[in-house]
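In the two complexes below, subunit A is the common chain; its partner is subunit B in one and subunit C in the other.
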Partner chain A sequence: MQRLESRLGFLSGLPILILLLLAFIMPLFVVAGFAIMPQKVFELTHLPDFSSFAVIWEQGYYRSLLRSLGLAFLTTVILFIVCWPLAYGMAKVFGRFTIVITLAVVLILFVSENIRLFGWSLSLMKGGLIEGYLRSWTGLSFETPLYDWPVIVFGMAYVYFPFMLFPLAQGISLVPDDARLAASDLGASPARILFEIEMPLAAPGIMVGSLLTFVLSAGAVAEAKLLGGRSVVVLTDDVESAFTFAQNWPLGSALSLMLIGIVALLVLVPVSRVNLDAIMGRKR
Partner chain B sequence: MVAQPFVRIENVTKRFGRFTALDRISLDIAEGEFLTIVGPSGSGKSTLIRLLVGIDDVTEGTIRLNGTRIDTMPANKRPTCMVFQSLALFPHMSVGRNIEFPQKLKKIAPAARKARALELLRLLRLPEDYYGKMIGQLSGGERQRVALARALAFDPQIIVFDEPLSALDYRLRKTLEKELKDLHARTGKTFVYITHSLEEAMVMSDRIAIMKRGRFEQIDVAEAIYSRPVSRFVASFMGEVNLFEAAEEQGKARWGDAGIRALSGGLALPAGWRGALMVRPELLRFVAEGQGADFTVQGRVVAEYALGSRIQYAIDTLAGTRITVERPFEQRLAAGSDAPVTLGWDRDAVHPIAEEPRHATA
Partner chain C sequence: MITRRQFSLGAAGLAGLSAFSMPGRALAERSNQLNILCWEGYNSDTVLNPYRAAHPGATIRAESGTSDPEMINRLRAGEIGTWDLINVNQPWARGELIRDALIRPLNKERFLPWFDKMTPEFAKPYALAFADNGDLLGMPQRYGPFSFVVNTDRISQDSAEEQGWNLFLDPAMKGRYGLLTYDNWNVIHLCLAAGLDPFKPVEGADADRFAETCRQIVAGARLMTDDLVAMNTALINGEIDAYFTGGTYTASPARYDGATFVRAITPRSGPVGGKGGVVWVELTSAVNNPDPSGLAEDFLEFVQKPEICKAVAFSEGTYNPIAQMGNPEVMALFDAEMLEAIQFDSLEAELSRCLEFDVVPSYDALLAAYVAARRG
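Up next is the complex of A and B:
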C-alpha cells in the first residue's frame, strides 16, 4: 500500500517532470552549450573555446549587465516603498474593501503589458496625450521624460506592481496584531514597530515580492524598448541583438547565462535564509 | 480608600458605534493590589483593560494614575504593560531579545540589559540557558513565564493580564495561578487580571470585580463575593449554588419550596422583600427529620458525584426542587441512589439576594 502510494506520487508528478525537462532544463543546457562555443557558430559540434566571455569583457557588455541589475534593484526598492502602505492597508485595515483593490489590480493584468506600455509612451511623448493637451490649452511645454533611464524604472515599477503588492500583503497578514500592540505597549514608537516587529515578521512576503520584481525586472525587455527607446541599453537588448541582428548565438547565450547565473546567485542566498513555508500558509 | 488612590477610573464610558461596551464605570485600585476583573464574554472586561493600557481610547471619563491623567497618553508612553491572551511574544527574537525589548527601547546598555534578563529568568524559574532559545522551542508554560519576564523588564507601574492562562491545560494553569500570586507578593507590583473564571480569581486576588454588560455588579474581597453575592448573576458565577425563590410574609421568609420547614422561628426579612435565598452546597448537611438545624427539607438522592476530597449530591425535594449538596468525602452517605434523606441548614448559612441589585461602585 505504502509503495503504491509513493508510486502514485511519482506518476502524478511525471507530466510536469517531463514538461520541465523538455521546456526548462533542456533549453538551459543548449544555452550553456552555445555559451562556450566559438563566435558565430550555429552548431554545438565545435570545440569549446570560451571566446564569448572574452568578448563580453573586452567589448564592455558587463556594463549593460550592471545597468540591468541596477535598474532592477532600484525598481524593487521603489516598489517596496510604494507597496508597503497599500499592502498594509489590504492586510490589516481595509477589510472587505480589499477585494476591490485586488480586483482593480488584477484587472490591469488582463491588458497586455506591451499595450499598456505603448499607452504610457503615447501619453508621455512630446506632442503626446499629456504634453500635447497642456501645450494647446496653456501654451506651456515640457521635455518628454521618455528615452531615459528613470522612465524605464517607472515602467518596470508600473508593470511589476502586482508582483510586489500581493506577496507583501500576504506577508503583512502574517504579522499578529497582538505583537504590534505588545510592542507599542512596551514603549516602541511606530517606526520601531515597523523595523523591529512588522518587517521581520513579514519577511517571507517581502522576500517573495522582492525576488519576483527583481528577477522579472532584470530580465525585462519591453520597458527599455518602448519607454527607453533604446537610448538606455540593458542586457536583454544585448542578448536580443546578439541572437538576431549580429547572428552571434554563442555571444547571446553567454550573456544570458551570465544573467541567469548572477540572478540565481542573488536569489538563492536570501531564499535559503527565509522560511518560505510561512507564506504558503503553513504555521511557523 | 486613601485621599488619592493609585489608579482612579472615573465615569468611564466606551462606545463602539452604537454599542456601549462600558457604561459609566468607576473603580479605584490601590498600589500593590492584585485586582481581578471577572465577567462572561462581552461583559466589557477586556475593553476596560484595553482602555487602561491605551490600546483603545475612552469615549468619556478619565483614568488617573497617581493623580495624573493617563487616558489621553498614547500606549507607548504609558507606564502600564499588558500580558496578552496570545502572550504576543515576538517569534523572530530569542527569549533574551524578547525580554530585553523594553529595556532596549529605554536605551539601557547591553550588559545591564542582559544581567536584568538573566535575573528575570531566575525570578521566573527558567534556566539561564533559555536566554538564547527561540520562542518556538518553548512549551506553553515556559512562554507564559517569558511573557511575564518581558512585562517585568518594562518595569511598569501596573501589569495587566488578559486571560493569559486560558489556553493552558488545567494542571499547568493551577500551578501558574499560584506562581503568579507568589510573583505578585515578591515584586509588589499592581496587578490587574481579567478572567472569566471566578475560581481562578479567588486563588489569586486581593479584590474581585464582577462585570456584567459593561457595569460592575460587585467589587469586593473574595470572601465577600463568595458568601455574600449581591445578585443572582454573581451567585451563579460560582457554579453550583442553591437559590430558593422567596418573599417576605409577616416579617419572615416564605420559602418557595413548600416542603421547607423552619424549626426555630424562621428567617427575618424586611417588609416587602422579594428575591432569592442562597445556600451554598457545602453548608447543607444531612440531618434527622425535624431536628438539628434551623431549616430542614425532605428529598431523594438523584445522583452522586465524587470530586476527590469532596462528594457532591444532587437531591430533589418532594416539591421537585433540585438541591446541590457538597460534603467531605468521609461523610459519604451509606445509602445509595434514590434513598430518602433530610437536609438541614442553619440561619446564618442563608444569604438573601434581593431583586434589583444596586450597581456597585468602589
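Up next is the complex of A and C:
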C-alpha cells in the first residue's frame, strides 16, 4: 500500500518534475554543452575541444572570479553584522512592530532593482542629489563614491538586505529564551551568550541568509555596472563581454559554468551540514 | 454539472488545440505585422505612430537593444523568425549578420534612388552599405564622428584637435579624464592612441604597444563608466576635463540642454593616412526571417520621409546627424539649436578626418588585452 502511494506520488509529481527539468536543468546543460565547444561557434554540433578553459587560464579570468567571490564574501559579512541587531529586534523585542519593519523592507522589493540602483547613482554622483544640495547649502563638497569597489559592496548590501534579514530573524526566533536566561543566571557575559548560545542556536538562519546573499552577490551584474561603472571587472562582466562584444558563446558559457561550479561547491558543503527542517519549524 | 475531471480534460484539450492553432494564425498574420529590433529612436511613438496610422490593421512593434551584439545574439538564439528589421552599426551588419545569413539583401532597384537625396558622403552611394558581392545590406540613416569629448572651457577645441589622442597620454592629464567603457569603440580608439591602424591585423610588437597604451589610459582614467549621462555630468561638474571614447552621439544631449562647452572632437591628424577620427554609420537591414513581413521594405522607405527623418535624428535620449540631410526638405526641419547640438558647423570637416568604423581583424586579441588592463 505504501509502495502504491509512493508510486502515485511520483506519478502525480512527474509533470512538475518534467517542467523543472526543462525550465531549470536543460538551460544548464546547454551552457555546459557550449562551454566545451570550439571558440566562437554558435551551434552545439561541433566536436568538443575544451579550448575555452585554456583561454580562461591563459588570460587571467581567475582574477575576476576572485574579485567576484571577494566582493560577495564582504557583502555577506557586512550584511550579517548590519542585519543581526534588527533581526534580533524583530524576533525577540519589537512584537507587533515587527510587521511594520517587514512591510517596509518588503515594499522596497516592489521597485525594480535597476531603478533603485539608478536612484543611488543619481544621489551619489558629483552634483547629484546629496553632494549637489550639500554644496548649495553649505559650500562643502566631497568626491563621488561611485565607480569604485566599496560602492559596489554598498549596492549589493542594499539590494540583498532582505535576503539576509528574514532568514536571520527566523533563525533567531529558534533560540529559546530560557536558554539565554539560564546562561545569564549562570553568570555568562552578553558576549558569551551571543557567541556560545544565540549564534550556534540561530545557525540554520545564519547559514541560509549567508548562502542566499553570497550566491546572489557572486552572480550580481547591475551593481558593478550601474554603481561601479564597469571600473571594477567582475566575472559576470566578463561573461557578458564574451557573449556580446566578443561573440564568443563558448567562452561565456565556460566562464558561467566555472562560476556556477565554484559557487555550488562553496554552497553545498555548508548546506549538507545544516538541518533545513529545523529552520522550517518541523521537528524530527 | 461539470466535474473537476471533466473541466481539467476540457482545459487540457483547449490548451492543446490552441498550441496547434497558434503557428497557423501567426503565419496568416505575418503580412500584417512588423517587428523592428533597433537602437533607440526607431521605437519612439513619433516614428511609429504615423506608420501605424497609415496601416491601421497592422501590428507594428519595435524594441530597442542595448548593444549591437546583444541584438545580434537575439537573432542567433532563434528570434530570426520574430524580427523583420534590424538596425545596427554597419561593421556588425557586414561582419556578422550577412556572414551568418541573419539578414537578406535589399531590393536595389527600390532603394538605390534614395541614396541620391543623401549628403555627398552617402550619395556615392555609401560603399559600406554593400557586401563585397555588391548586395545592398541595409539603408544608412544616423551617423556621427566618434572619437573623444572635451570641456572646451578647460581644453580649447583647437588644442584638443591638434593634440588628438596624445591628449590622453600626456602625464598632465592623469586623473583628469574619464573612460567611457564602450568596449568595441575603446579597442578602436586605443589602437589609434597607440599609433596603430585598428582595421589591419595588430600583432607582435604592435600588440605589445597596444597593451601598454591600454594600461596607461586605464591607469590615468579618473572614472570609468558606460553611462554617457554620468560621463557628461562629470564633465559639466568639472570632475573631469575630457572623456576617452565619445562623439556627437554622447555630447549632443548635453549640448542640446545648453552645455555647448561639451564638444565632440575629431583629431586633426592620426596614424592611418593622416586620419585619427572614426565615424559610425547605422544600417537598417531586412532580417532573413523565414516568413518575412511584406511591410519591412515599406517601412524602410517610410523612414526616408523628411518629418520621420527628423524624428529619427532627434529621438529621445540622443541626437545625431542623418544621411538624409542632403535633402533640402529634411534640412529645413532642423533649427539652429538642433544644428548646434549635433555640431553641424564642423561636421563636414570632421568627417573628412574620419576613418570608417569597420571590422577590426584582431578584435578578439585586442579586446582580451584591453579587458586584462581593466581587470588590473
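As a convention for this text, the second predicted complex is superposed on the first by the 273 of 284 C-alpha atoms of A that agree within 3 Å, B and C clash if a C-alpha of one lies under 4 Å from a C-alpha of the other, contacts with A are read in each partner's own complex, and residues count from 1 in each chain.
To be clear about the criterion, a contact is a pair of C-beta atoms (placed from the backbone, for glycine too) under 8 Å apart; a residue touches a chain by one contact, two chains touch by 3 or more.
Because the structure is a prediction, the values reported are computed rather than measured.
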item	value
First, second, both or neither for A:Arg3, with subunit B first and subunit C second	neither
Contacts of A:Arg273 with subunit B and subunit C, given as first, second, both or neither	neither
Partner chain in contact with A:Ala246 - subunit B first, subunit C second, else both or neither	second
Contacts of A:Tyr147 with subunit B and subunit C, given as first, second, both or neither	second
Partner chain in contact with A:Asp185 - subunit B first, subunit C second, else both or neither	first
Dominant contact partner of subunit A by residue count, subunit C or subunit B	C
First, second, both or neither for A:Pro176, with subunit B first and subunit C second	first
Residues of subunit A at both interfaces, subunit B in one complex, subunit C in the other	none
Complex contact set, residues of subunit A against subunit B	176, 178-179, 181-189, 192, 196-197, 200-201, 203, 284
Subunit A-facing residues of subunit C, complex	67, 69-70, 72-73, 76, 96, 100, 181, 183-184, 221, 223-227, 230, 233-234, 236-237, 239, 363-364, 367-368, 371-372, 374-376
In the complex with subunit C, residue positions of subunit A that touch it	40, 42, 59-60, 63-64, 67, 121, 125-128, 144, 146-147, 225-226, 229-231, 233, 238, 241, 243-248
Residues of subunit B touching subunit A in the complex	53-55, 74-78, 80-82, 84-92, 101-102, 105-106, 136, 150, 154
